[in-house]
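First the structure, which I've put down as structure tokens, then a few questions once you've had a look.
By letter and in written order, the chains are A, B, C and D; residue numbering begins at 1 in each of them.
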Amino acid sequence: MISLETYILITILPPLIVCLVTPFLSNNANLRDFLGPLGGIISSYGALEIMNAVLEGKAPSLKLLQIADGIKIGFEVTPLGAIFGLVASVLWIFAAIYSVGYMRGNQEKNQTRFYTFYAMAVHAALCIAYSGDLLTLFIFYEVLTFSTYPLVAHKQNELAQKAGRLYMSILVGSSVIFLLPAIIWVWVITGSLEMSKNGVLDGNISYEYAPYLLAMFVFGIGKAALIPIHKWLPAAMVAPTPVSALLHAVAVVKAGVFTMLLILTNVFGIDFLSKTGASTWLIWLASFTLLITSIIAIYKDDIKARLAYSTISQLSYITLGGALASAMATQGAVLHIITHAAGKITLFFVAGAIYVGAKMSKISELNGHGKSMPLIFLAFFIGSLSIIGVPPMAGSWSKFFLMLGAAESGYLFVLVVFSISTILNAYYLMEIPARAFFLKKDKEIKVKIPTLIIIPILCTCFLTIILFFTMEPFQNLTSIMVN
Amino acid sequence: MIDIIIKNLPILVVLTPLMMSLIVVLISNNFLSWLLTLFTTLITLIFSLLLYQEVYLHTAISYALGNWVPPLGIEYLIDKVSIIPIIIIALISFLATFFASKIMPAEINNSSISKVYSLWLLAIAGLIGLVTTGDAFNLFVFLEISSLASVALVAMGGQKDKQALVAAYNYLILGAIGATFYVIGVGLLYGITGTLNLADLSNRIAEISDNKALIAGFGFMVIGIMLKAAVFPLHIWLPRAYAYAPSAVSVLLAATATKASLYILARILFSVFDISDNLVTYTLQYIILPLSILAMFAGTIMAIYEKDIKRLLAHSSIAQIGYITLAFAIGTKASVAAGFIHLFNHALIKGALFMAITSMGFYINKRITINNLSGLGRAMPITFVCFVICSLSLAGIPLTAGFISKLYIIKASISADGIWIAFLILASSALSVVYLWKMIEALWFHESPKEPNIKEKPEIYIALLMITFLNIYFGLDASIVVNSSFEAANQLLGVQK
Amino acid sequence: MDKNPILRIATKILFAPIILFGLYVQFHGDFGPGGGFQAGVIVASAFILYAIVFGLEKGKELFPLNINLFLLALGGILYGGVGIVSMLLGDEFLSYNVLGSSKQAGQHIGILLVEFGVGLTVSNVMIALFYAFVDFKSSNGETK
Amino acid sequence: MISSTLGVWNYWIVFFLMMIGLFLVIGRKNLLKKIVGLTIFQTSVFLLYITFGKIQGGTPPILNNINETVYSNPLPHVLILTAIVVGVATTALGLSLVLRINSEYGSIEEEDISAEDLIDYHDLIETSKKISVKFKK
């Protein structure tokens, strides 16, 4: 019988080991590329076991290191963390396979460095998922930022460097200037860095200060990409597509909204928020972000840029769900982490596949190419349906819960926002398969897509459908979380 | 024998480098003189660690020089406060000496190496003496010993770059003015109280109230020490002195010289005078606090626009000194403790950064500007990795020593109801990422015109690895530093607060 | 200047008395005004006078640089050595009481040795400074 | 009033010298004159200490057999002896630096020296510009 602490290690260590071993395998490309998927499978196994344990009502915890009095690095798995951990580790398997296909197909330079930091980023994301206190959360939040910089600036040209600088300055700047003092503020007023299921702030902070503290958290978590601090996400799209897929659709941005939800539920507490109304302004801000970025997405011709703005808008769904401060909405927000991850990673995979296979990155160039890559565009279509929220795709569940939550908390205008946004989603996502299948071809292009790219696309695509039918354990987890 | 050593530890930490500097000057073999210096600094380090143990057994050790009982005779006082700078200086000087083995002969004429090591030990002795002594005038003597030795060391850079001479000259003049200001202040206080012993001085000052000479004396002392500690805007001597000094000397000075003065500043403000005194409160609130904030931003911004890397690091030192004085200026126990934590951590960080940069300069054998660094990171991976870790530490990124100090400074400022100060600190540390990133980008991403073929030498990178390891270690297990600093703050501010 | 007979003769006559006077000031320092600092400067002035009159070369022949450096260090070592001996004898650094059979004798010995060390160092530092400044062009110009 | 102000004439001298010294250090552009100023500045401090030690009607602090002798305070003198030594060392080091500067720069005027350093600094910036142009290509 393996103890629960060991399962935490089984989950978080494989990416770290991959990261440490990879630099020494630069001469043995096959072994190096095999390590990623292998690590992903081991991690996912651990994450699955942990999720089962959490479902049984346990809270696995592990203290790693005592830095000083009151400061420690330790892990304690919350239901929310279990879900995020599972999502990140399972999708890492597919993304690792995909990135092998992509990097080889595209003949990128510095592949060893790429895999090293890729694994590092996954490790950081998993540590964020399981972090037991605010400081651990912050530490790995920063590790994630720094480990993704070499990935964003991977191409090493001027554009990549500029994007890298913007990426770093927004993410590091916001987290250091706002998130850190906010965490320390909580530390000062509650006397510890611990979080608890129902929040720790009730009774420790006067109601008039709560919105300011929340604002510091919200603007500190740049990774959640709310509107004044969202620019880094489109900029980061210069990175190779596997990075955009796993990190900027799953690990990094989800780490952002995960942190946001954790702060809203485990630091402030849903009851505290609904009692004080501290998050009302956040509802407005998130709704605004949601609509505006959907509109911006329509005007983007670059596939990845459009997907990036779509991601920002979907992230706002999650933040909005947390800010509504009702049980149902929070559940919806958590489920949306899973469903959106599965859907968006498929879309990014497809964007990368088109780039590798046909060297196209503009939507206007896609006319009529659906017949030359039918599987790919079919996958894109299914992924889009999931994002839009059409049954029987996974995305429909989370939208359903979010809308229920909005109704429950009494903010009816949010329902309107959701419906408008859904229409916009449908418009800007469906344009791509529609052009590919129904318009006439401009010019012939020879298409060659590596198998290692097609397999993960199909897998994640199926995942979006399977998730629709297997949502129950996740829903149970979220109900543990809110009750 | 052990008994004798234990009993005389307070003087031994000063005496060992002082005496050995006289012996080293006589040795003509360069390698031997280096070895002897290394041995001396090692012994000093061991003594200072023993002293640490002793201090925690007895809370404070008072050592009467020549058996003349204080306050008549000169007293060496080691308590939980002064042990921190002693450990810093002993530790850094050992690492810097280790580092100097190959670097020094590359920049200094063969004939003057043993003299440089002699001055080197003299400077260390002066700095440690500055910290151990409990006598206001003896402090002045050590202040001058350390600063004259440092000036001479800086001037040794003149063998390579003549600007070092001008830098040394400015350092000398401003240092002498600072020291003289200090001694005027001591004189005025002596005129009123009739004692030079710091502890006795503080007792007698408490009895006197509202004396103009007291205020004048306080002002002279504080300004003099602030000049020595390079508190903005009295910092102008610092960037040049650090930039043009021989590489190993920059490492030593950057990590230790201002630290000792900052300790003296804390001692004067909190121990000789009383924090509850209006005089001190006003000084902290209306002079040191605004100046520290200015220092944080001015230092960082100057660093951003600087091309010469050693100067860049020196400007960043000014900003970091700003953090320390800021922590002192907030004036609560937690903040003073945070100041001491940063005192320790910054010594490690800056020492490491100067080591990394100067060893890069050693390999390429050129003045180190941002463009000369292009692509060097790939040519020397070990040095580069150390440099990156320590820059992250300077920026206050988690899991490094720098993070711990920043964490405590911010916590202290928030609990003292100064959340705007926390914002300012963080804003400036976010700005500091700009110049650090500029260097890292140059080192790693820029293509150099000609790929340099460099083989890293273990003599040089071992010291760097050691100090980088300390940077990480004290980021992961900071309890020693944190606890000692809190003990120090308790002792410094007394029980009442 | 070395051609001027008056100066040469006067210097030769004065040289020994200056040193003698220096020694007087040195050892009388126990009981009256005087001591190592003053004596050191006086003794140094004799050598400096010699070097001025007969030229630097002759001066260095009389008092070579390496001896100068050695004595300079020796003075300091003597000073510290007294302190170390008193420590080894079980008392504080520079506590003279333990040096002799009685406290008074100890103080005597201690003061004498320490002042002698000071005198040595001061005189040699003065000479070293003189050499360094006069000899600036030919050497590196580093003072000590 | 006048007597209380002028009565402390020794302090007037001290601070007069102090200001002269400080002014020379700050105001003069000649490196040698700065050192002269520094020495005057330090000397004023010596006088300040000696003034503290003097007691009206006091004799030198050498033991004699006359009863009820008032001795001057010897401690400031001892301190100042040390301070003088420190001052000598400072002056010596300063002068040797001035000598070196003179032989390297050919001048001991601050303006000449900073002009030459400025040229050096501009060289640094110019070369860096050239190199960064190279990068872009």
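Here is the rule we go by: contacts are C-beta pairs under 8 Å (C-beta built on N, C-alpha and C of every residue); 3 or more make two chains touch, one makes a residue touch a chain.
What you are looking at is a predicted structure, and each value in this text was computed from that prediction instead of being measured.
Enquirer: Show which chains lie in contact with chain B and also with chain D.
Expert: The shared contacts of chain B and chain D, listed by label, come to C.
Enquirer: If I rank A-B and B-C by number of C-beta contact pairs, which comes first?
Expert: Most contacts of the two pairs: A-B.
Enquirer: From the centre of chain D, which chain's CA centre is farthest?
Expert: Centroid comparison gives A as the farthest chain from chain D.
Enquirer: How big is the gap, in whole Å, between where the Cα atoms of chain A centre and where those of chain C centre?
Expert: Here chain A and chain C have centroids separated by 79 Å.
Enquirer: Using Cα averages as centroids, what's the distance between chain A and chain B in whole Å?
Expert: Once rounded, the distance between the two centres reads 44 Å.
Enquirer: So what's the Cα centroid distance for chain B and chain C, whole Å?
Expert: 35
Enquirer: At what distance in angstrom does the C-alpha mean of chain D lie from that of chain C?
Expert: Once rounded, the distance between the two centres reads 26 Å.
Enquirer: Counting only residues that touch at least 2 other chains, which ones in chain D make the list?
Expert: Chain D, residues with two or more chain partners: 93, 100.
Enquirer: Taking each residue of chain A in turn, which ones touch at least two of the other chains?
Expert: Not one residue of chain A touches more than one other chain, so the list is empty.
Enquirer: Which chain C residues touch at least two other chains?
Expert: If we look for residues of chain C contacting two or more partner chains, we find 142-143.
Enquirer: So that we know how the chains sit together, what is the shape of their touch graph: line, ring, star, complete or other?
Expert: Chain contacts: none of line, ring, star or complete; other.
Enquirer: According to the definition of touch, which chains form touching pairs?
Expert: Every touching chain pair, ordered by label, is A-B, B-C, B-D, C-D.
Enquirer: Under the definition above, what is the set of chain C residues touching chain D in their complex?
Expert: Answer in residue numbers: 32-33, 37, 122, 129, 132-133, 136-137, 141-143.
Enquirer: Residues of chain A touching chain B in their complex?
Expert: 65-69, 71, 135, 138-139, 142-143, 146, 153, 156, 161, 165, 168-169, 172-173, 176-177, 180-181, 184-185, 187-188
Enquirer: Which residues, counting only chain B, touch chain D once they are in their complex?
Expert: So the residues of chain B touching chain D come out as 137, 140-141, 144, 148, 151-152, 155, 158, 162-163, 165-166, 168-169, 172-173, 176-177, 179-180, 183-184, 187, 190-191, 196, 307-308, 367, 369-371, 374, 446-447, 449.
Enquirer: Per the contact definition, I'd like the list of chain B residues that touch chain C in the complex.
Expert: Contacts found on chain B: 4, 8, 11, 15, 18-19, 22-23, 25-26, 63-67, 109, 111-112, 115, 152, 155-156, 159.
Enquirer: Along chain D, where are the residues that touch chain B in the complex?
Expert: 18, 22, 25, 31, 34-35, 38, 41-42, 45, 48-49, 52, 75-76, 79, 82-83, 86, 89-90, 93-94, 97-98, 100-101, 104-105, 113, 117, 120, 124-125, 127-128, 131-132, 134-135
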